[in-house]
Amino acid sequence: MPRRRDRARTSARAYRSELVQRSGLRAAGTYWDRLPGPVRTFAPALALLALAATYPFYLANLPGNFPVINEFPSVRSAVTIIVFTTMAVGLNVVVGYCGLLDLGYVAFYAIGAYTAGWLASGQFQQVKLHFGSVGITHDARGIHISIWLVLMCAAALTAMGGILIGLPTLRLRGDYLAIVTLGFGEIIPQFVRNADSLHGFDLTHGTFGISPIDAPGFGETLHRRVGLPASYQQEFNADRLFFWTALALLLLTIFCCIRLRDSRLGRAWIAIREDETAAGAMGIPLMRTKTWAYAIGAFFGGAAGAYVASFNQGAFPSQFNFNISVFLLCMVILGGMGSIWGVVIAGVILSWLNVEGLANIGTWLNNNVFPSGHNIEVAKYQFGIYGVVIVLMMMFRPQGLIPERRRKRELEEGSHGPLDEPVYELRGGDEPGAGERGEPKGPVPRG
Amino acid sequence: MSEPATPVTGNLLVADDVRKEFGGLIAVNDLEFTIPERSLVSLIGPNGAGKTTFFNMLTGLYRATSGTITFDGQDVTDRPPHAITKLGVGRTFQNIRLFPQMTALENVLVGMHSRLKGGILGSILGLPRVRREEREATEKARELLQFAGLRRVDEELAESLAYGDQRRLEVARALATEPKLLLLDEPTAGMNPQETVTFMDFVDKLREQRQLAILLIEHDMKVVMGISERVTVLDYGEKIAEGTPKEIQTDERVIEAYLGKAATT
Amino acid sequence: MIGLTQGSVYALVALGYTLVYGILQLINFAHGDVFALTGLFSSTLIVSHFNLDESSGALVILGGLAATFLIAMAFGAVVNATIELVAYRRLRSAPRLAVLITAVGMSFIVQNISLAVFDVNFRSVPPLISDANVFAIGGVHYNWQAFFVILVTFPVLVLLTWLVKNTRQGKAMRATSQDPEASAMMGINVNRTISFTFLLAGGLAGIGAVLFLVEFNIRYDTGFELGLIAFTAAVLGGIGNLSGAVLGAIIIGMIQAFNEGPFLWAPGSDWTRSIVFGILIAILVFRPEGLLGERTPEGA
């Protein structure tokens, strides 16, 4: 079996490099190679960033009747898209870098959102605590803390939650880890749905959720002195402000993840993903390192959750379910486990599909492709579509759209991903025969 | 700087009555084993004799059913692998366990994990202290690769290296943990005679320059007899002979274990 | 007593999980959704094709149900085996994580097939079995519906035990789950054995689905929660262990019955999921081999 695939792969490679040569991409490539290193590294990212940041300005100029997808997402939809993408980047740390299959990431989203609900709304009528809040009269009851602080608190609290969840979970083997995280991903939303009467105390306001949640802002003083918006919700172009702040949040998350990936801790994560036993033998404390992955993933998930709660002006239990965890997982898999840019692009695509893309495509399909009278609500089947994406990616391109490693001569050679067949059959740490030679899985590379 | 020919100042590792049972199977049977400082000891025996099981117990991968293991004066019997590595035990694996998707350089850098200090905040903020540590670590890693003859492939993915290179990379990675004791599990398996000779020179160089003790599991008798100071023979989890290479070569029990009773009659 | 009824359905589904896990070390996430799909299909059979309702004669009902059982068994078996053929077989040599992720994807695909064909509504069958009491002792009563479930489940379990212990296929299953390579060398067709396992698991789920319909209604997403409860039961009893799956299922059934029952201090059905998951987490942390399983060392 493997030989047939190898032969196919070699001829595919040869074919591809033929194409590349003929198309003159090679010439373009050489020109690209001659640019100074830093330019090559940063230029694409900066270009993308510029495109993203100026989106609200040129959105009006984009065609409103684009084929298939009809229209481009509004700035308001874009905020949600960016927030989900941020969560996907957070999940990428857990699943992509460290190789821990987390099926309960929605729990972090929920904790973040509800923290915002607790710290920036009228939920706790028993107290009156204001600290840097904006857009709220000063005699409003409840806890009203500046959203910027709330974001940090939510991130920290969620990280702690992640550590707590990790304590029993992270010592388990891959499949059990997945199920247990799924469990937590179910328990926490069910908890917030029902915790409106814990011995009489209303913690989460049950199925109604907590709303309204305060908006971010910079307060009257800064507004008068520097012109910064006092409270987002009171501004005329509130959506744009939310958009840029979300973008900043995403960029911060990406920045931290890049830094971490190239650090000692990031190497430890990838080592654990590649071969946990060997990683431990090389001095990496497994539980501690995995817990850090979890905590960091939770940190960004919580921050994103809190932010979007403020944006949506509420945290509602209906938003949190298992589907979201799988949805985020789909982004990581489609993009490429461990590949930040892959996950960002996949995140944007899938989130857009979720927010309005599928509905638009559905309308187009119903109008132009399907026989009249035959209306298929494409958006209804979105999770089936995500399931198909996951299965197809796993079967045919497990390394994702943009694989984690950019290798030299990438155009010629096929890329490999963390899920490729191991060279040797490796046995687990504590089974009889651990470290013993298994059978080589393919031709053993010889010098 | 070469070592004087008389080592043995004290015992670096002492395994006392160590036993490992898997259900009903006794893999290692009340084994007593010592490794003097800066010595080169070989552990040989027929397949299934318990050699790798013993290795795994020394490195914390298996928990001994009974007995104690003391390393550098500390009881490491129940310690997890990373703690034992931190104390100064490095190892390679019988079937190569490199990190396939990481470059040779990164593999070695992972080995340095327990010797570096860079933390989360420092890494994210890019503090000068952390940057400096990373630079120095990369330098050191390159030196190790150079030492192992792998300098030219330092940016190659581990999975795409030649077999001999992979073996030496594993050793380089183990050396990165700054061990006092290096455990090599069948390092020349699958090597042709030429590669084996190269490897033996490599181990010689290792001993001269690095002042560490080496425990070697090997099947290739040329290697064992060629470089060992002491050889221990295991069979069915028990020590059946121990001594210098010459003594072992002529020991009846050893010959019997390998070749069967018929060979000695 | 209600716990026993619930537990029987859980047992049939849990056996499916444990059979597949035993042979492939894979949690077949899609199993619960296969259950749901089969249940929806069966409800259509009963209502629209066999036209059974409470006014049908007793013999007609029994005949119709028997036919439904057989068809549901076949349906569930085929769907489950197809999933293995299409998705899992290709990834047989891939790292476990890849297959697990694929299983999650398959789960959603099957669920959406249910959604596409049967839409969002709950489906049920009219009360074909009377809910008169079989017996009533003191405050405890047990009606025919619940009794019917036990009546069907018990022989199925007996049959299954016989199959696994005495038939060639059963032995092949057990051998393959212990050591696929050695089994292959002994002449066992591993691929066929695995397919057989999936067929068997799917068939059991099919029976369970029809039994479930006797008392409850089914929707496209019913399989998710039920699957997880059944999986917890399998883990509780000891994953890979058949009697364990049944034992675990009965225990979970009882716990759920208690939780949702009339007792004053019962937390109520809102908390069922959390309680079941709490149990799952507790088992995996404190006693991963379950009640009847063997202690195997877990990787660090």
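Letters A, B and C mark the chains in the order given here, with residues in each chain numbered from 1 onward.
Just so we're on the same page, a residue touches a chain if its C-beta (ideal position, glycine included) is under 8 Å from a C-beta of that chain, and two chains touch if they have at least 3 such contacts.
Just so we're clear, the structure is a prediction, and the values are computed from it rather than from any experiment.
Undergrad: Of the chains shown, whose Cα centre falls closest to the middle of all protein Cα atoms?
TA: Taking the mean of C-alpha atoms per chain, the most central one is A.
Undergrad: Tell me, please, which chain's centre (mean of its C-alpha atoms) is farthest from the centre of subunit C?
TA: Chain centre farthest from subunit C's centre: B.
Undergrad: What is the distance in Å between the mean C-alpha positions of subunit A and subunit C?
TA: One centre to the other, that is 33 Å.
Undergrad: I'd like to verify one number: the distance from the centre of subunit A to the centre of subunit B, where each centre is the average of its C-alpha atoms, in whole angstrom.
TA: The answer is 41 Å.
Undergrad: Return the distance between the CA-based centres of subunit B and subunit C, expressed in whole Å.
TA: 49
Undergrad: List, in ascending order, every residue of subunit B touching at least 2 other chains.
TA: Subunit B, residues with two or more chain partners: 80-81.
Undergrad: When you check subunit A against every other chain, which residues touch at least two of them?
TA: Within subunit A, residues 277, 280, 286, 422, 429-430 contact more than one other chain.
Undergrad: Residue numbers in subunit C touching 2 or more other chains?
TA: 300
Undergrad: If you look only at subunit A, which of its residues touch subunit C in the complex?
TA: So the residues of subunit A in touch with subunit C come to 99, 101, 103, 168-169, 171-176, 178-180, 182-184, 186-187, 190-191, 193-194, 276-277, 280, 286, 322, 326, 329-330, 333, 380-381, 383-391, 394-395, 398, 419, 421-422, 428-431, 441.
Undergrad: Going by the contact rule set out above, which residues of subunit B touch subunit A in the complex?
TA: Listed in rising order, the residues are 22, 25, 27, 52-53, 55-56, 59-62, 80-83, 85-86, 91, 93-102, 106, 109-111, 113-116, 118-120, 123-124, 126, 130, 134, 157, 159-166, 173-174, 176-177, 185-186, 189-190, 195.
Undergrad: Please name which positions on subunit A make contact with subunit B in the complex.
TA: Residues 255-256, 259-260, 262-268, 270-271, 274-275, 277-286, 292, 296, 404-405, 407, 416-418, 420, 422-426, 429-430, 432, 434-438, 444-447 of subunit A touch subunit B in their complex.
Undergrad: Residues of subunit C touching subunit A in their complex?
TA: 25-27, 87, 90-91, 93-102, 104-109, 111-113, 115-116, 224, 228, 231, 270-271, 273-274, 277-278, 280-281, 284-285, 288, 297-300
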